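Shared chain: subunit A. Partners: subunit B in the first complex, subunit C in the second.
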Partner chain A sequence: MIVANRKPLAEIREMVENCDKILILGCKGCVTVCNVGGAREVSILASILRIARKKEGRLLHVDEMTIERQCDPEYIEQVKDRVGQYDAVVSMACGVGPQFLSEAYPAQRFFPAVNTTFFGGAIQHGVWAERCAGCGTCIIHYFDGMCPIARCSKSLLHGPCGGSANGKCEISKEVDCIWDKIVRKKMEEGHLKDLLDPKPPKDWRTARDGGPRKSVREELVQ
Partner chain B sequence: MRLSYPSNVKVIQVPCSGRVDIIHLLKAIEDGADGVYVAGCLEGECHFLTGNFKAKKRVQYVKKVLEELGIEPERVEMFNLSAGEGPRFAEIATEMTERIRELGPSPVKPQNAA
Partner chain C sequence: MSELKSGSNLEKVLKAGHFAFTGECGPPKGANVEHLREKLSHLKGKVDAVNITDNQTAVVRMSSWAACAILIQEGLEPNFQMVCRDRNRLAIQSDILGAYALGVRNMLCLSGDHQTFGNHPQAKNVYDIDSMQLISLVKKMRDEQKFMNDEEIDVAPKLFIGAASNPFAEPFEFRVYRLAMKIDSGADFIQTQCIYNMQRFRGFMKRAVDMGLHERCYILAGITPMKSVGMAQYMAKAVPGMDVPESLIKRLRGAGKGKVAEEGIKFAVEQIQELKEMEGVAGVHLMAIEWEHRVPEIAERAGMLPRPKV
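Moving on, here comes the complex of A and B:
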């Protein structure tokens, strides 16, 4: 899923500084699963912003709403009757949400309440880790299911750099060296020689290097 | 055993302190409470194993939020006591009341509203 973190309160407060009436809009997709922008987090942020403004003696009217997804026109359509009544709509979805919303409702101002960070999963309750960088041409089958693009600090594709020590990456003792794991797994399985097979250079045009991407499935296009 | 505790303390019963969520604590503050505290079971004695630890983390979260908003984090607190400790319950209520009295009224009082 897409993993995000709520922006610092000071930043969100600054965005809505000149507003008297806002809507906080949550999303039931990825951001609900990573506990950052679902109905629960919407109500928490709404209450925090109201408290902040009550303290200043300047009321902020905050409405709350959470829709199925903010990355689909059919759900974006559901807020049609709400937008337009607010000084701003604060989206708690990933960066896709506020963009889809502004495209659908150009006259309404939308603010992002979260920092969208990576594609990953929960490695324990409350902790998420990056697993994929969306390169567009998956190659993890060469590496026993471990992605060196997303999980090696330098995205090296041919083996560890000289900074790998005791299974940790040179950038921090907190960061595992994924190459250490890949090599160890290959050794355990007696497949170390897989890594000696020369492979053509990766075509990065399917990644961000090729510019903004689009997926077209002809069989679905109407 | 009849024990008296300060009448300004409004008790809200929940099946386990783990039922108390961040939003409940925030709502109390938002609606003008001068302070709010959670009285959970002793650590290690939660009937649901970790309810009181969850409550503690949520209290810490709300304290941090209040601090960021320039509101005294001491207005929110977590206490642990065993269900059989009536006198301790009264003591905590008094302790918290004293603390809040010292801090004065909450800056989030509705009358502050424009």
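Moving on, here comes the complex of A and C:
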């Protein structure tokens, strides 16, 4: 899923500084799963903003709503009657949400309340970790299902580099060296030879480097 | 290894069977050419080639190829270091051509320290290709006269290709295989990470020799003299993939006030003498970090002078 973090409160407050009436719009997709932009977080942010404004002696009217998905025109339809009434709509979805909303309702201002970070999952309660960088050409079958593009700090295809120590990456003791894991697994299995074949330089055109991407499924296009 | 690949002094020295001795110099943090020339003056005639580092530890410095060109003016032979951190394949290939055009004949292919270590941690990291692929690329440019995309090169760069090896990084058992991969990819010579744990290095070399790697490539052992107890402790703790045995720190500490640097040099000299006798070791790469003026003394005491004329 897409993982995100809520923006610092000060930043959100600054965005809505000149507003008197806002809608905080949550999403039931990935951001609900990573506890950052679902109905619960919408309600928490709404209360915090109301209270903060009240302290200043200026009231902020905050409405709350959470829709199925903000990355889908079908669900975005649901807010049709609401937009236009607000000084701003604060989206708690990933970066896709406020953009789809802006495209659908150009007259309404939309603000992002979260920083979208990576594709990953929860590795323990409350901790999410990156697993994929969306490079567009998956090669993890060569590495026992571990992705060196997203999980090696240098995206090496022939690792580990000389900085690998105690299973950790040279950049931080908090970061696992994925190459250490790949090599150990291959050695354990007796498949070290798999790693000794040189891999060609990656064709980054399928990644973001090739420009903004689009997927067209002919059979579905009407 | 029949005819010369690049014709560099380093290649000739190694090919003639001499025990090679290379040095290192970091370009200035600025355009202070005088300071660079001063540092280089200590190395002239004392080493077979001088590695010029490429934004080492991800700190911005004068570009490696430009410092190489100054070094050539000074009558020394550079070993142009290039990291994959800062350049994509376009910049890599054009810098290789540019460096060659300026007279560079040796090149060391590296991944490079991650930019979080340096003074611009906010930088975007490139890593378009990795060090293994860089080695193959330089080889392709030299031997096939082709760019990565197979287009013909009009006057191909003929470089003596170097690569690094860290016998002390983990997983240890894999390190000799990684060395073999670099040789398979086209490395003509290897310069290792600084060695402090000689026993472990001996074990590594034994495996390399058992695999016949020393016959396919020249292996130069890396030496960095310790200047102080603080430096030894820092390297032991803070530098990933560095093995500094406690016994060495103890030895340095035991030297007493004002005598630690001398003890560090003494240890380095002993190491060089031991390495000269070690099977499979073709030379020493002396990385005297900001200590270029001590290189002549170390070279002399280790019996590395005079350098062969080939």
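Convention: the second predicted complex is superposed on the first by the 222 of 222 C-alpha atoms of A that agree within 3 Å, B and C clash if a C-alpha of one lies under 4 Å from a C-alpha of the other, contacts with A are read in each partner's own complex, and residues count from 1 in each chain.
Please note the rule applied: a residue touches a chain if its C-beta (ideal position, glycine included) is under 8 Å from a C-beta of that chain, and two chains touch if they have at least 3 such contacts.
Because the structure is predicted, anything quoted here is derived from the model rather than measured.
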item	value
Which of subunit B and subunit C A:R184 touches, first, second, both or neither	second
Touched partner set for A:I51, first subunit B, second subunit C, both or neither	first
First (subunit B), second (subunit C), both or neither touched by A:K154	second
Which superposed partner A:L220 touches (first subunit B, second subunit C, both, neither)	neither
Subunit A: partner with more touched residues, subunit B or subunit C	C
Intersection of subunit A interface sets (partners subunit B, subunit C)	none
Of subunit B, residues touching subunit A in the complex	21-23, 26-27, 29-30, 65, 68-71, 107-110, 112-114
Residue ranges of subunit C in contact with subunit A within the complex	84-85, 89, 111-114, 116-117, 125, 127-133, 136-137, 148, 164-166, 169-171, 173-174, 177-178, 180-181, 184-185, 193, 240-241
Touching residues on subunit A, where the partner in the complex is subunit B	9-10, 40, 43-44, 47-48, 50-52, 54-55, 57-59
Partner subunit C, residues of subunit A touching it in the complex	153-168, 170-172, 180, 183-184, 187, 192, 195-196, 198-202, 204
